[in-house]
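Down below are the structures I want you to see.
In the two complexes below, subunit A is the common chain; its partner is subunit B in one and subunit C in the other.
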Partner chain A sequence: MYPVIDSFAVHTLNGLWYGFILFMIASGLTIIFGVLGILNLAHGELYALGAFVVFSVVGYATGFVASPDDPVSAVIFGVVVLIAALVAAAILLPVGAFIEAVFVRPIYERDEVYQLLLTYALLLIFIDVMKFGWGTSPLDAGTYGGLNQIPTTEVVGVSYPSYNIIAMIVGVAVFAWLVWFFDQSKTGRIIRATAINRDMATAIGVSTDRTFTLVFAMGAFFAGFGGAMVSIGPQTAFLEMGLDPLVLSFVVIVVGGLGSLKGAFVGALLVGVISRWAIWLYPAVELAAPFAVMLLILLVKPEGLFGTWGEIE
Partner chain B sequence: MSDPLLAVSDLHAEVEGFEVTHGVDLEVRGGEAVALVGRNGAGKTSTFRSIMGLTPVTSGSIRFNGEELLDLRPEVIPRRGIGYQPENRDLFTGMTVEENFRLPIWTSGESRGIEDEDAVVEDIFELFGELDHRRDAEVQNLSGGQGKMTAIGRALALEPDLLILDEPLEGLAPVVVENLKSYIREIIDRDISVLIAESNASHVPEIVDRMYVIERGEIVDSGDPEVLAEDEQIQLLMQGGGE
Partner chain C sequence: MSRLSPLEQREGETVVRVPLTRGLTLTIGQTVLALVGVLVLLGLPFLAGLVGLSWGRLFRGLLFGLAAVGLNLLLRHTELVSFGHAAFFGGGAYAVAVLAAHLEVSEGLLLLLAAVIVGTLLAAFIGYFVAGYVDIYFALLTLAFNAVIFATVFRSGFFNYNDGLAVRVGGDNPTLFGLGWTDLGYDLVLYYTTIVLMLVMLLLMWRLIHSPFGRALDAIGQDRTRARFIGIPVERYVWYSFTISGLYGAFAGGVYALQRLHVQPEPTLYVFVSGEILFMAILGGFTTLVGPLIGGVLLVYLLEATRFTFNYYHAPIGIILLAIVFFMPNGIMGSLPDILAGLRRRLSDPGRLGEDLRSIQSMVRRSLTRATTTVRILVFGVK
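Right after this comes the complex of A and B.
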């Protein structure tokens, strides 16, 4: 195949992979905004925390299994790694619940400026906590032997890391689960009802405190899961890693429409691919290119591609 | 005489720092239908929202079945047996009529001892027969009358002892108003107590047993709805005049 087409395919696949990671972060951000009305500036740090936590969990978990040198051991190894990522994300559940109950709850009725100040303070606190817990040097979960031995897969004529393919499949599964959860499950529909009208939800017996805690914890879980998937794979965990994904996640939820899961999914893939194409063609505009696309979309559709103005859909 | 099902005493509530009710007193007895009549802004909705725990109360008492509601968290109040249809319907958009009926049961059905969710939902569809063919319609696509029926149906889903209806007849065509009145009478016939807010006093005599008149956050009169609805002073008050 021609080198340019090879490069196009690889960077598009990289964009899709990054898009799925962005979706995991942005889905939490858009759910929290849609239900709680909070724009959580510390969300990127929950993603970073997931990346750091998984470093410790994977290091512990992969010590129990052999390196993936044949199909059976590869499957066992992959399952262990995936479980480790889920465990890391699960650790973020109580973290999210604690933050909502202790710090965020008292400021719901206050001006948005308080929310921004508080979540920015949490962002700084999280960075210090990670510095305290894991030091200042980048950490690579890939240093745990077996992760570097996962073979590549032939996709659209190019050899591509199997791990990234698995991450994309996991991203699709997360999207499908979230759509099912909010469309079909009782808890999901109760959360949607709370997002639509808090007072009326209370008047039918919904505890909005519990619902908000659950939603914030879910948002933390998916951000942490995204961070874990990145950290296990091709990237390292480092202290500032939450910033770019946070900024791009804002672009994603604005492009997709605030509160729209489907919008976050499409927006994340769009932003992921465009940012990776930018890295390929003109790296200086890696962050600017998604913003340019956002501006164009907002000119045509001010409410975003699937805008619901705050209702989870 | 038996204790009232609902007893509101000397209720002072405030919205955004302003007192909106100044010592409201009212009672609803078991099986009774009572109207709270007043023009827009008189304090009907604030009184109802205070009962549901949605508007802050600065002093007074709201007792339901002898229990002080002001001591309870707002989400517990519907579980005690009060159904609420708000003035603006406030249906859960993006969801179907049937989902709007099921949501209260999912959140609080167990507390109300509801074991057969389907039976309760079908009972509501049986009451509001014309909603049956719209059960899968998303609520934002309903007509005004169907929307009001859905909001009332949702309030019935927890099999309440008291149903609070905030202006259920407002903004509806005359034929729909008559239709809805007959539904409300049917609910009363099922031995559910009803407290209904109305800004049109002429609607209430054929529905309720007793009527309160509220003006500027205070109860100014109460008694037989047929007598009060014909009272010239009350009529003047409803039009914005009078004392």
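Right after this comes the complex of A and C.
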């Protein structure tokens, strides 16, 4: 028998899982804010859209593989589901690019209150687009059971749902890729240069228009990927699912520092773990706890834990 | 006699002095508009039914609009975007509900007074912490305070969780002016009391923004450092204006509770209600005094009415907001003079219409070319 881990560890692990999902949403929000200077209120709806799209894609993709009953077919099943999640998120790339090019681009120079108004309008429109596409009833991708057939218990030595472990590994991979992308790759450096000084970047031949489109599409991609990772788990995709993660990602990026990737990572894990501990210890404060943390950080250290204005680190 | 006559000649125009407000003058046209506005407000309970509108909904719209007028003090003058005004609206509403449900206070005006006091104290408390912050930090801080309050109410048995509290003592409507009323009488008395107070509050707001204090707020909005240099106590003034704007929200929330007779957290305290109050101000025109009121009526009516008639009720509002952002950035009231002037010019010179068409054509053509170029570059690269 493998040791059954105690409730403290379970709640911490659940918190980490939640934190990784939050990180995927908040990372998109924070790079969009860091580079474009826009606080995207429609970000939660991009996350919801990813959850809905993966429902359709997964249903199609898993038709090709055997239902998971032994470890080998379960692993194949898991790989197919992950690829489906990536495909679902990839569908959000053109969506994000379209939104940036058509709606967001004309308002960079305007007051921030118009930027908020515009993205709020997009949020409303997205809700109806999803209602039109998938109806009003919650959808369950139905892959949770299959994913849990993947034998992780033998590997990590404790019994804990395989899906959560996979989601956490994916979260780490996303963080690692983002750090590599902004640190090492040429495109990433161009984006950072644009964030630091738009005029200078233009002067050395960077097309800021295309950079911005790319950044917004990337943000949409990761929000959608986060939604996809949630939707293939035990949770359903429903119309209002975008609101809470949106507000919580504000908390995350404020705690971590606006525009900071590392900050979003630490902030997301912090918020995730704290909210799950609150559910476990004192459920009444579950909703308030993350905001209390945010208040404390804002009042004590307004620039956040890793705050650097307009620079991605 | 000229001292008593409300008419006065100023800069070649006949203007009307509004009684009781030193310095508030309107042109003849504005006076007519204002009088029509007041008459419409007074006749609303009877007029609304005639044109097929719901009076109760319009009433709620006015209340949210009044909260938006309060918020506009911050938005227009100190240029601070508050994302937490539902805290005061909901604070006022819950003050009424708690007093009625737990302490069995049954006099409506007393409840309203309590709402104003509680909401204003709440605003003073939050304002004390946020007055030093600007831009996005101010918005996020107010949002955080609002979210904490919502979460506390939502999860607390004292406020009866998600179901909220009824504003009834022993199953009866609250009394107004110490008297019990029938349902219709209650609504009418509440409405007219509110309208009178609302008009007074609008005049006071006008007085405030044209006072030295209001000018100081303008200065703070334009440049905090300079405002500090010329001796304006910036943080303290922002704190005052935050508290005053909270008072407006609290009053509106209190009346809302008395009108609905039931207070739930989601329609009054939720963070997205804060967003709606903000957007009402912009929709109606945040550069004007009464714009937010109009925006409130319009947005609340759209939000409530479309919910029951269309399956897709979010997108139309989204599209209206998009149109506001791109075509009418000053909101409805703010853009009205421009639109009227444009219309008048086109009426006197129909040839301009052809010019308009041509400019629209060239605009569409230009944006199409730009879009195809962007797509080509994105797909095939620069070469």
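Operating definition for what follows: the second predicted complex is superposed on the first by the 290 of 313 C-alpha atoms of A that agree within 3 Å, B and C clash if a C-alpha of one lies under 4 Å from a C-alpha of the other, contacts with A are read in each partner's own complex, and residues count from 1 in each chain.
The rule is simple: a contact is a pair of C-beta atoms (placed from the backbone, for glycine too) under 8 Å apart; a residue touches a chain by one contact, two chains touch by 3 or more.
Predicted model only: the values in this text are computed from it and were never measured.
Contact with neither subunit B nor subunit C is seen for A:Leu178 once the two complexes are overlaid on the shared chain. Contact with subunit C, but none with subunit B, is seen for A:Tyr120 once the two complexes are overlaid on the shared chain.
Of the two partner chains placed by superposition, A:Val271 touches none, neither subunit B nor subunit C.
After overlaying the two complexes on the shared chain, residue contacts for A:Val57 are found with neither subunit B nor subunit C. Once chain A of one complex is fitted onto chain A of the other, the partner contacts of A:Ala203 are limited to subunit B, with no touch recorded for subunit C. Look at A:Ile31: by the touch rule set out above, it reaches neither subunit B nor subunit C. Touch criterion met: A:Ala193 reaches subunit B, while subunit C stays clear of it. Counting contacts by the rule stated earlier, residues 207 of subunit A appear in both its interface with subunit B and its interface with subunit C. Within the complex formed with subunit A, the residues of subunit B that make contact are 49, 52-54, 73-79, 84, 86, 90, 92-95, 99, 103-104, 106-108, 111, 154, 157-158. Those residues of subunit A that touch subunit C in the complex are listed here as 39, 41, 97, 101, 103, 106-107, 110, 112-114, 116-118, 120-125, 127-129, 131-132, 207, 209-210, 213, 243, 247, 250-251, 254, 258, 283-288, 291-292, 294-295, 298-299, 302.
Against subunit A, the residues of subunit C that register as touching in their complex are 75, 81, 129, 133, 135-137, 139-141, 143-145, 147-148, 150-152, 154-156, 271-272, 275, 278-279, 282, 311-315, 317-322, 324-326, 329, 371, 374, 377-378. By the touch criterion given at the top, residues 186, 189-190, 192-193, 196-197, 199-208, 308, 311, 313 of subunit A touch subunit B in their complex.
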